[in-house]
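As structure tokens, here come the structures.
Note that chain A is present in both complexes that follow, paired respectively with chain B and with chain C.
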Partner chain A sequence: MNLLSNILDINLVFPEIFLSLWLLVFIPLGVYSGGDKETRQSYFTIFSIIGLLGTLLIILMGDYKAARGFYDLIVNDRLVVFLKSLVILAGVIVLIISEKYRTLKKLYLFEYPVLILFSILGMLVMLSSNDFITLYLGLELQSLSLYVLAAIKKDSLKSSEAGLKYFILGALASGFFLFGVSLLFGITGTTSFTILSSNLLSPENNSLLLILSIVLILSSIAFKLSIAPFHMWTPDVYEGAPTSVTAFFAVVPKIAAIGVLMRILYIALIDIHDVWNQLILILGILSIFVGAFGALLQINIKRLMAYSAISNIGYIFLALSLGSQLGLEASLIYITVYTVSALGSFAFILSMEKDNIMLNNISSFAGLSKSNPFYAICFSIILLSLAGLPPLAGFIAKFYIFKAVIMADFLWIAVIGIMGSVISAYYYLNIVKVMYLDEAEELFTIESKKSVKFILFISAVLIFTFLIYADSLINFLSYISKAIIL
Partner chain B sequence: MLPFFFYTFAIISVISSFMVIFAKNPVHSVFFLILTFFNATGLFVLMGAEFLAMLLLIVYVGAVAVLFLFVVMMLNIDFNSLRTGMIKNAPLGLLIGTILLGEMIFSFIGMKYGVANKPGNELFIVLGEEENTRALGKVLYTNYIYLFQCAGLILLVAMIGAIVLTHRKRDNVKQQDAVKQILRNREDAIEVKEVEIGKGVL
Partner chain C sequence: MTSWPILSLMIFIPLFGAFFISLIDGDERIVIKNTKMVAMWTSIVVFILSIFVWINFPRSSGFHFIEEVTLFSSLGISYRLGIDGISMLFVALSAFLIPICILASWKSIKFRVKEYMILFLLLESLLIGTFCALDLLLFYIFFEALLIPMFLIIGIWGGPRRVYAAFKFFLYTLAGSVLFLIAIIVMGYSSGTFDIRELLEHNFPYQLQLLLWPALFASFAVKTPMWPFHTWLPDAHVEAPTAGSVILAGVLLKVGGYGFVRFSIPMLPNASDYYAPLVFILGVIAIIYTSLVALMQKDMKKLIAYSSVAHMGYVTIGLFTFKQEGIDGAIIQMLSHGLVSAALFLCIGVLYERMHTRMISDYGGVVKNMPKFSLVFMVFMLASIGVPGTSGFVGELLVLIAAYKVSGYLAFATGLGMILGAAYMLWLYKRVIFGVAENKNVKNLIDIDKREYVIFVPIIIGVFWLGIYPESFSIEFRESVVNLVNSINNRVLN
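On to the complex of A and B.
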């Protein structure tokens, strides 16, 4: 009986099984065919991209209907399918744009793509979790690979420091998570999201201990999302880790953690919305302002992107705190637009290199409009969108967030959020100013691979022409968000 | 009897876990850590989770803590200064030893085999009932097979990570290759040269 039902559920986890098998083939292949040689680097990247695309194909060919399997440990619906596809596509793009950087920094190791694949596998497990135990295992699989990736540049002191910092703080956050989950298990007697939502309805479960457990769980997920006040590690880790790894950190784990947060808040804990809504709201506002003020004085572009990520995730928290269908939809739109803009920015940052030295200081972008007009225009479009200027994608995403906030009668919160957005516009526009108005000491041309140029171009075009397809995209995302009906 | 055992194990484990942090000597910290694990084991036995208890002993005390001890001993600690405090520290060592011995004796006294006469008395290990190990094995490979496999993947990542971060390839190290040595023959290895008298080889 048990065995039979497991066999019937196996098609729900087919993507994960495929990716794990691919990895199990990958590792011996890498070891026995000289995986640490420069000449092999691109082969292994292509091999891992094929694995990811195969997984994507399996996900898209699978069933979109809502289904739970393995004794309610995992769930599958259109939200899961959409977020999994987004994670895999972002992972593929990060692998493509980091190729040249890895050659430059001598990161030929085949373990690099292996670890990226493992962390994506962890994210897939996280996204389809319907139980805190599944979620925890996915989270650990993802984070463990990320800790190693942060420290993968062994000869760099900063990279080792970043890895150690991330590992110690991440382990602490995992401890908080487990403590919170065990308290929740003690109160309600279950770790399953779906059973939890019905168990929490009974009033005798509503206690101070319940609030404590929810605070512990949410703070550990806020740590993974680098939400203020759990953001302290972010600038250091983003700066210390190799830039290609930073690009991965800034985009892919965020999508997975947001997806998980949606599932926890909107399925497991929706009936005690009044317990967590203020918590999420305050975290969101705090990170919008920490992100805005923290970035003002940064001269390193990687640190600036770290603060930008903090404030962007803050807006998503604002929308998620509402507990409404509109908030869910707005946060889905925002995370999609953020993914596109962050990938574009990192495609730019990873191609900024002069005489084999990476240019990480904002001042070194001076005069870029004259020497490399293509890069300057594309990056400016992305920055203006991040700043939230009207016809671009970032504006529409922010518009939907604030629309949802205002519809829930939180006018003053919308005003505070817009104030934060105005402050953060300064440092985005400052980079545009440096590129267009400042005089360069010497002009140089950027040579990067066509694929990277193409990704930068596509992301700029997607952002610039957002209004043309905004209607159909938002309808699509609204359909996706209806997977969770409130 | 049960509350007495519970409070003994609980109090000692809390005190010794504080001592892990407060002990100045890292070796002592590790010993206190082992003591904490031992008491946690006792608590598990009291709850009737004998499989978890044994696992804790084997994995944590047997492997992890001893590994910690080796690592700590490899740190640059002035062992001469440690030896001078031998007489001062001897009572502490005796105390820990006595406590451990006492716990072992208590555990043996506390354990009773036989058919349980009172339901809910966890100190009895009931004969013929499905024990912990079997019950865990049954759910681990059926209900929780997905989680079990995920945990396996996490361990694989941990192994890969450890290798990536510590393995260094050295090109200039000479290694013995037995096959190469055996396949070497006289013709390749030795060159006979006619040397004229009064001149060198070169």
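On to the complex of A and C.
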């Protein structure tokens, strides 16, 4: 009986199984295939994109109904399907936009796409986990792949430093996570989200030990999300890692970790909302300001994007801290908009190369509006949206977050949070200023692949015309967020 | 009344024109010529539409020319447009000044003409949208989006410190208006609607009003600007190109006053009553202090910028008297200032184009070579002082009457500002126009040409029309103001 039900559960993990099998084919293929490096690289990219799209297809063809399997280790519902699709699509786009950069930097290693696929596999496991043990497996698979990816440019000192730094701090965070989970297991006798949510935890057993375990678990997730004060690694890793890997870091793992956090907070720990809400709120506010002030003086666009990510995730924390349906909805909208903006930004950053040298300094974009108006205008739209100016997408996303915060009667939090957005508007605007107001030393033309240009264009258009389709998107996301019914 | 979506047309025609300009391509000289022509004609079409609206405007209270399309069912936000007598005049003012701005930049803008014209048309569209919006959030979207073209206009075509000025302008205004956003969310969700018409009827609880009012005030006081939030204005004016200054002083500052009369006062009447003394104090300080500061300026543009702060002081005082005369006067003062300060900046622009300096000390004796210009300048100078027969007089007089009804001291302080205003303007005129021409460049000045006539004559007509027969303007908004005053009195007394 049990065995039978387990076999039937297998369709819940079809996507993961498919991706694993694909990877098993991929590795020997990578080892034994010949040919020159550049052709091999483009074949491998196409191969991995097909694998990802196949996984996406399986996810979308599967069941959207809420279901749990394997003794409640695995869960599937609309939210999982949506976030998984977002992760995979973002992964595919990152692979496309980093193609040229990899040729440029001679990152021909076939392990590169393999590691990206492995980390995505880890994220899929994370997203569908309904138990701290499954979650840990996914988290580690994801993190280990990312450590290696950060250090993949073997001959670069900065890349190796980034990898090592990320690894040591990440290992520490994993340790925290395990320690927190074991404490939680000690208190309640279970690691399953479902059982935890069924009245095992209540404000009455609000002991110091429980708080400690929750702080440990949340801080390790906060580390993965680079939330202040666990953000120290982010700027260095973003700067040191190859830009294509930074693009991946800035988007894809964030989606997965936010999804996991939603599930932990809103399913497993929802009964002790009083214990964690202030914690998340403070982390959120802190990140908004660390992100805003930290970025002010940055001259490197990659470091700036790191701080930008910190403050953007801070807004999501603000919404998540509310523990309400509205907060969940708002954070889902925000992460979607953030994904589009971040992908667009990195499509821009990865295109900025002159004479085979990447332009990472913000000042090197001077006069871009004259030499390359297309790039300048697309990136400006994205930046102004990140700054939260209406009528762009970022404005509606922030509006939604603040609406949720205000409706939960946290008026002052909203005022503080929105002040943070004014500060961060300065540095986004500063880039626009460099592109539009500063004179270039010499004019140069940017040439990048059509596909990259297309992605930049699409993300700018999506952001610019957000008002037109926002209604249906928000309704859709609100439907998705109802997968977790509070 | 027509069934045409005329307000939408006025918003979208400039956008269409801007799009059309972006398509113009080919030889550099022809591109510039065509760009200017397209921009000019687009703005003239919008101006004609605004006249059409004015002629067809029913002089009753409430909103007309209403358009409504649901934008976000989930958030309760719609694309709602409509105008009443007050906003109609501001729409007309914007539509009137934009062609003048474009004409004024005909020769002075020498590079990136295409982008410049696109931004001006964008600005026009957003300005008209701001005044027409009947949805609180839609208003905010237009209001905030205005920053982007203005930032670029100051930043790209401005003077030597343009980047600093553009950033200061942007961040000051943004910091003010995000608090407004918070207030919008609170207002929208505590009353259940973003429709301005319904919000005007809605009674917010007293405690909530006291909280909301400062948030709105932060935004509008920066925009107006009121002392002590005005420090961005002199920088922005000094650095902006002439047309940028014109549109900034002419219309953009009015958005703040419009915000007070449309949102702060009718939606939060009790709080407005509670905070009125604060506004009076800030208004009086603005009038006296900035007039004194204006006296000492060496840069003509800066002087006019400070005088703008002083003149907007009358506006805020007039609005917060809650008297029929006061609000009438404030609106007329806003219109008058929109014309006069715009014209003064244009005058400075005329001098600057010839001499490339704005320092008062570089001039003197201009009258000998530019008699016609001196006459034009004198008309606007006198209008700015508020000489009877010009537009400045009507507004200031009405505000003074209303201020006297509130308190004699307030009227005294306001009147003192008028004397100071006369002092700095007359002194400016004396130093620039009369005296001995010491600077040899002044001797080579050429008087204004046809293009400049075309710029100035409509404004002169406007100034005298508003000064001699203000009823033709005030009749349009009379009903709206009567309604406003009555509803405040009812609600504050209860």
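For the reader, a short list of remarks on this structure follows.
One rule holds in what follows: the second predicted complex is superposed on the first by the 475 of 486 C-alpha atoms of A that agree within 3 Å, B and C clash if a C-alpha of one lies under 4 Å from a C-alpha of the other, contacts with A are read in each partner's own complex, and residues count from 1 in each chain.
Assume contacts are C-beta pairs under 8 Å (C-beta built on N, C-alpha and C of every residue); 3 or more make two chains touch, one makes a residue touch a chain.
No experiment lies behind these values; they were computed from the predicted model shown.
Superposition model on chain A: chain B and chain C are shown accommodated side by side without a clash. Legend: residue contacts after superposition of the two complexes on their common chain; A:426 is shown touching chain C, with no touch to chain B.
When the two structures are aligned on the shared chain, A:70 is found in touch with chain B, with no touch to chain C. By the touch criterion defined above, A:467 lies against chain C but remains apart from chain B after alignment on the C-alpha atoms of chain A.
Using the contact criterion defined above for the overlaid structures, shared-chain residue A:437 touches chain C, although it does not reach chain B. Once chain A of one complex is fitted onto chain A of the other, the partner contacts of A:145 are limited to chain B, with no touch recorded for chain C.
In this overlay, which is a superposition and not a single complex, chain B and chain C have their closest Cα atoms 40 Å apart.
Those residues of chain B lying in contact with chain A across their complex are 142-147, 149-151, 153-154, 156-158, 160-161, 163-165, 168-169.
The touching residues of chain A, when paired with chain C in their complex, are 384, 389-391, 395, 399-400, 402-403, 406-407, 411, 414-415, 418-419, 421-422, 425-426, 429, 433, 436-437, 467, 470-471, 474-475, 478.
Listing the residues of chain A that touch chain B in their complex gives 2-3, 6, 13, 20, 27, 36, 70-71, 73-74, 109, 111, 114-115, 118, 121, 125, 133-134, 137-138, 140-141, 144-145, 147-148, 151-152, 154, 163. Only residues 70-75, 137, 140-141, 144-145, 147-148, 151-152, 155-156, 162-163, 166-167, 170-171, 174-175, 178-179, 181-182, 185-186, 189, 211 of chain C touch chain A when the two sit together in their complex.
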